[in-house]
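Read through the structures below before going on.
Okay, so chain A shows up in both of these, paired with chain B first and chain C after.
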Partner chain A sequence: MSEETLQVFIDGVINYFHHTSEKEVKVGSPYLIENNSPAAFDYTGIIGISGPYRGSVYFTAPKALLTHLLLAIGEKDTSMEYIMDLVGEVANTIAGNARSKFGQDFLISVPVVVEGAPSNIHLPKDLRSYVIPVYWRAYSSAVVICLEA
Partner chain B sequence: MTVPLKMLIVDDSNIIRRKIERGSDGEMFKVVGSADSGVAAIEKFKALKPDVVTMDLTMPKMDGIECISNLISIDPKARILVVSALSDKATGIEALEKGARGFLCKPFDEKKLSDALKELVQDYV
Partner chain C sequence: MWSALGKYKAIVVSIALFLILDASVLSLNFFISFKIADDAVGVNLAGRQRMLTQRTVKSLYDLRLAEGDTVKQETALNELKTTYNLFNTTLTAFDKGGETKNANGETVVLKRVNSDAGRVAIDEAKIIWQPYSDAIAKVIAASGTAAMAQSLNSAIVIAGDKNLLLLKLMNDLTVNLEQVATHQATVLRYIQTGGITLAIINFLIILFHFIGELRQNDKFLEDARKETTDILDTVNEGLFLLDKDLVIGEQQSSQLAEIFGGKDARGLKFSDLIGDLVKPKDLETAQRFVNLLFRPDVKGNLISDLNPLNQVEINIPDEDGGYITRHLSFEFSRVSKDGELKNVLVTVNDITEQVMLARELEETKEKGEQQLEMLTSILHANPGVLKRFIQNAFDAYGRINKILKEQSKSPAVMQRKLNDIFIEVHNFKGEASALELDNFAEYAHVFEDDIQALKQQSKLAGNDFLKLAVHLESLIRYTESIKELADKLASFAFNQDPSSSVRSPTNHENVTSSDWKHLTKLCENVSQRDKKQAQLVLTGFDEAKINDDAQKLVNELSIQFIRNAVVHSIEHPEFRKARGKHETGRIDARLSRLPTGELELSVHDDGCGINYEKIRSKALMIGKWDKAEVEKFTHQQLLSLIFLPGFSTADNQNEDAGRGVGMDIIKKRIDQYQGKIKVSSSSGKHCQFTVTFPADAFAQNEIDTQQGKVA
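So, the complex of A and B:
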């Protein structure tokens, strides 16, 4: 995966938090991991990708970050339903915004939300993923990209 | 005092539906219903006859593009604002060609939403 491709998703993360919160978001250096030990926090929103690129993009975050982010966007209900909705919506927004670079053929699914790590249905074990660390307030989270061209 | 315009919010995310409701001007718009899929939106559109519709594109059962076509076939004058994360030009053009009147890209803040909704109804009579 090229640096330019990764930058599309980094820009997507920064854009999301810029529009959502007054607090700055920081993005760490991306790194590669094996899919048999995927990066994951408490909740994960997964977007399946098809078209010229195939694979998945997911956003994974701790419950505390998602709760705080709900409050930041003006949502007072921080129940589990809303936390899971939010983690899916963040993933959907980041993946959807990537179409500004990849075009209409970059097809994205509706979000699938899970507790913890994605299963190997979404992350083939023979592939590797790029992890983009995301730091917001005192919390760590990540956007993970697993795409084959 | 003018009567608020009836608004239908279509998005599979409850958070986004509530964000749009909170961000819409209460004097100008009254949210009369919401739907989490294109199929549900068509039923609500027929029943509630809203003046304006906000429409997500990536949804289960029926996506927003197909839903726009259906709503326009029911009411060619429907005022539909697409609110979607799909940020490529081709999708925006396709939505407008199907009959949408505006496009607001996610993520959005209250000002962008307010501006887009006002533009949607600026020539409403």
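So, the complex of A and C:
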């Protein structure tokens, strides 16, 4: 998978944060993980990809980041329901960005939000994923990309 | 028309019979009812005849009593006339049939009485009435008191004689007419009862016969429907009908829902079924294609090649956010009725397995070709050495990933990360080129180029490391393929000939002599690339009993020392010749276990030795130290510079030198195992690097040999 393809998903997350009141977001140094031990924080929003590349891309973040992010976008209700919606929205922004960049050849699913790590169903076991840490304020989150050609 | 009724003929006949029967009963009913009505008039008038006999007698006596009273006489005579005429007319009407007046003075028609008893009564009454009637007629016709009295007397005599008999006869007639009427009523009841009975029988026939038949038909239809349902439930294809508006029909095979992820297609537009799953262009073409099928002037077999959904990939979203990819084949067939195109039957076949199989075959073929290429690239390498190389490679990848994983925003740390990754890649590349694994070396070289480019960047961000992660992933992937191939080769060699020398050694086995041949090859290759001549003499490598960790390190260090010796120390042949040396330089690598248990590796060459002035001028170029300071550097200090990261004295950057990485790796690795390094050099004569490791160095430093794991 090319660097450019990965960059599209990373840009999706950055785009989301750019729409909040606290735009300052930093991307950490990407690394690899084995899919049999997926990396995840408290909540994870997953989108499925099909077409020239197949697999999943997910955004995972701790509860504290998401609570703070809700407040940053002017939402006072920080209940679990809202947090899950927010994770879904970030994943949706990633999907939207990917759709606009890749065009019709790529099929991108509606996000699914789970607590913790995605199940094996989402990640082919014998593959590796790219983990791209995303830092916002004092918090860490990550975009994890697992695609096969 | 009749034939069009088909199986409904019998039921139509039954219903027609029922109606005819009803109509007949109704007609008879009317007929008899009218007859009964006539009879009732007859009975009534017959009864009146009884009364008239008595009134006639009374009028006769009233006439007698009114003698002398003209008014009364007139009244009585009128009454007599009326009574006489009415009785006479009615009797005639009963006898011959004809008109008479009823109680209201209206004309009614009486039919001739035909019953036997009635006839007897009438005939007898006629005989009696004749003289009586004549006598009364005379009374009515009499003129003058005397004539009146005489005719009246004779009439009263006859009346007295015949009145009771006439009354009886009229009574008999009335009774008889009543009996006839009663009989008619009874007949009517019988007819009605018969008619109703027949109607009920007809109804029962319809009920039992036809309901049975209908039930049988229903059962037949139900069986047929069940058969259709069974077929639709069982077929492996998705079947449905499309109408002219491209709307899906109500009946479809169960497999259809299965193919389309549980979607209920009934009544949906064709575009709603597949719109989200295929490309918009394919959908548009498919709709145009189906519309063409509905045109009778278009030949179906001529346009079948235009079917855009002949083989199409669809991706159905699943509940977990992923996609189920299916390969489907849509076939469209026309359905005509009475020569008119009514529907298009769509058959959807799930050809995923076939497509996947074909793809797998294609991939296998491609993989086979790739593996052949890979095989060519690794065939020359000794299986044991290759195995060790692969293990080392995975270890290096693990370390690179660990460095990538380490997060920091500090520019200094980022630079250090780049350096550390560079060292790992460079080291890996060295080993790859030593083993002439050119593909690995090329991969690593590109990797290095990108790291170098990043190093030039003034500001580094986490995102800049993305391309390094991509390189790492590609290398891991490639190495995995090579490992797969190498494992196959090793197992093949092992199965074929367990005693063969190409057998892959286990981790704890000592390597055979052939495992160090790559160093000789490395020496030859580097010399060739540098247009030099050098010969490597290995001593003690085969004899020293060392474990895997030590082997790995000795290998790494030897590669670096030998390469450095050729590149930096051994002179070009003409230069050596001019100096009175043999054109071919000599490098002596010796591995020995000292009596103290220490492991010693020394690499000696008869080249020009360390060029301190070159180091000094390079130090000046770097600009890290000022000129005066550099000029004061002793040999010892200058020597220490070659162990600094990024410091190289090579004039050109190439595969073997110039990256400024090598000696710093050596230093790092030696430190890792608590080793010591000693350098001795005599300008123009020789150079020697000697490394000594404590006896227990390798026992304590267990390297993580988790193969292939990057996290």
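Assume the second predicted complex is superposed on the first by the 148 of 149 C-alpha atoms of A that agree within 3 Å, B and C clash if a C-alpha of one lies under 4 Å from a C-alpha of the other, contacts with A are read in each partner's own complex, and residues count from 1 in each chain.
Keep in mind that, in the parts below, contacts are C-beta pairs under 8 Å (C-beta built on N, C-alpha and C of every residue); 3 or more make two chains touch, one makes a residue touch a chain.
Model, not experiment: these values are computed from the prediction.
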item: Partner chain in contact with A:Val110 - chain B first, chain C second, else both or neither; value: both
item: Touched partner set for A:Gly96, first chain B, second chain C, both or neither; value: first
item: Partner chain in contact with A:Leu70 - chain B first, chain C second, else both or neither; value: first
item: Touching partner for A:Gly48 - first (chain B), second (chain C), both, neither; value: second
item: Partner chain(s) touched by A:Thr20 [first = chain B, second = chain C, both, neither]; value: first
item: First (chain B), second (chain C), both or neither touched by A:Ser2; value: second
item: Overlap of the chain B and chain C footprints on chain A, listed as residue numbers; value: 104, 109-110
item: Chain C - residues contacting chain A, complex; value: 279-280, 315, 317-323, 325, 401, 404-407, 409, 414, 417, 461-463, 465-467, 469-470, 472-473, 476, 709-711
item: Residues of chain B that touch chain A when the two form their complex; value: 12-16, 18-19, 22, 58-60, 84-88, 90-91, 94, 105-109
item: Chain C partner contacts - residues on chain A that touch it in the complex; value: 1-3, 6-7, 10, 26-34, 37, 46-51, 54, 56, 104, 107, 109-112, 119, 121-122, 128, 130, 132-133
item: Residues of chain A that touch chain B when the two form their complex; value: 15-16, 18-20, 70, 73-75, 81-82, 85-86, 88-89, 92-100, 102-104, 106, 108-110
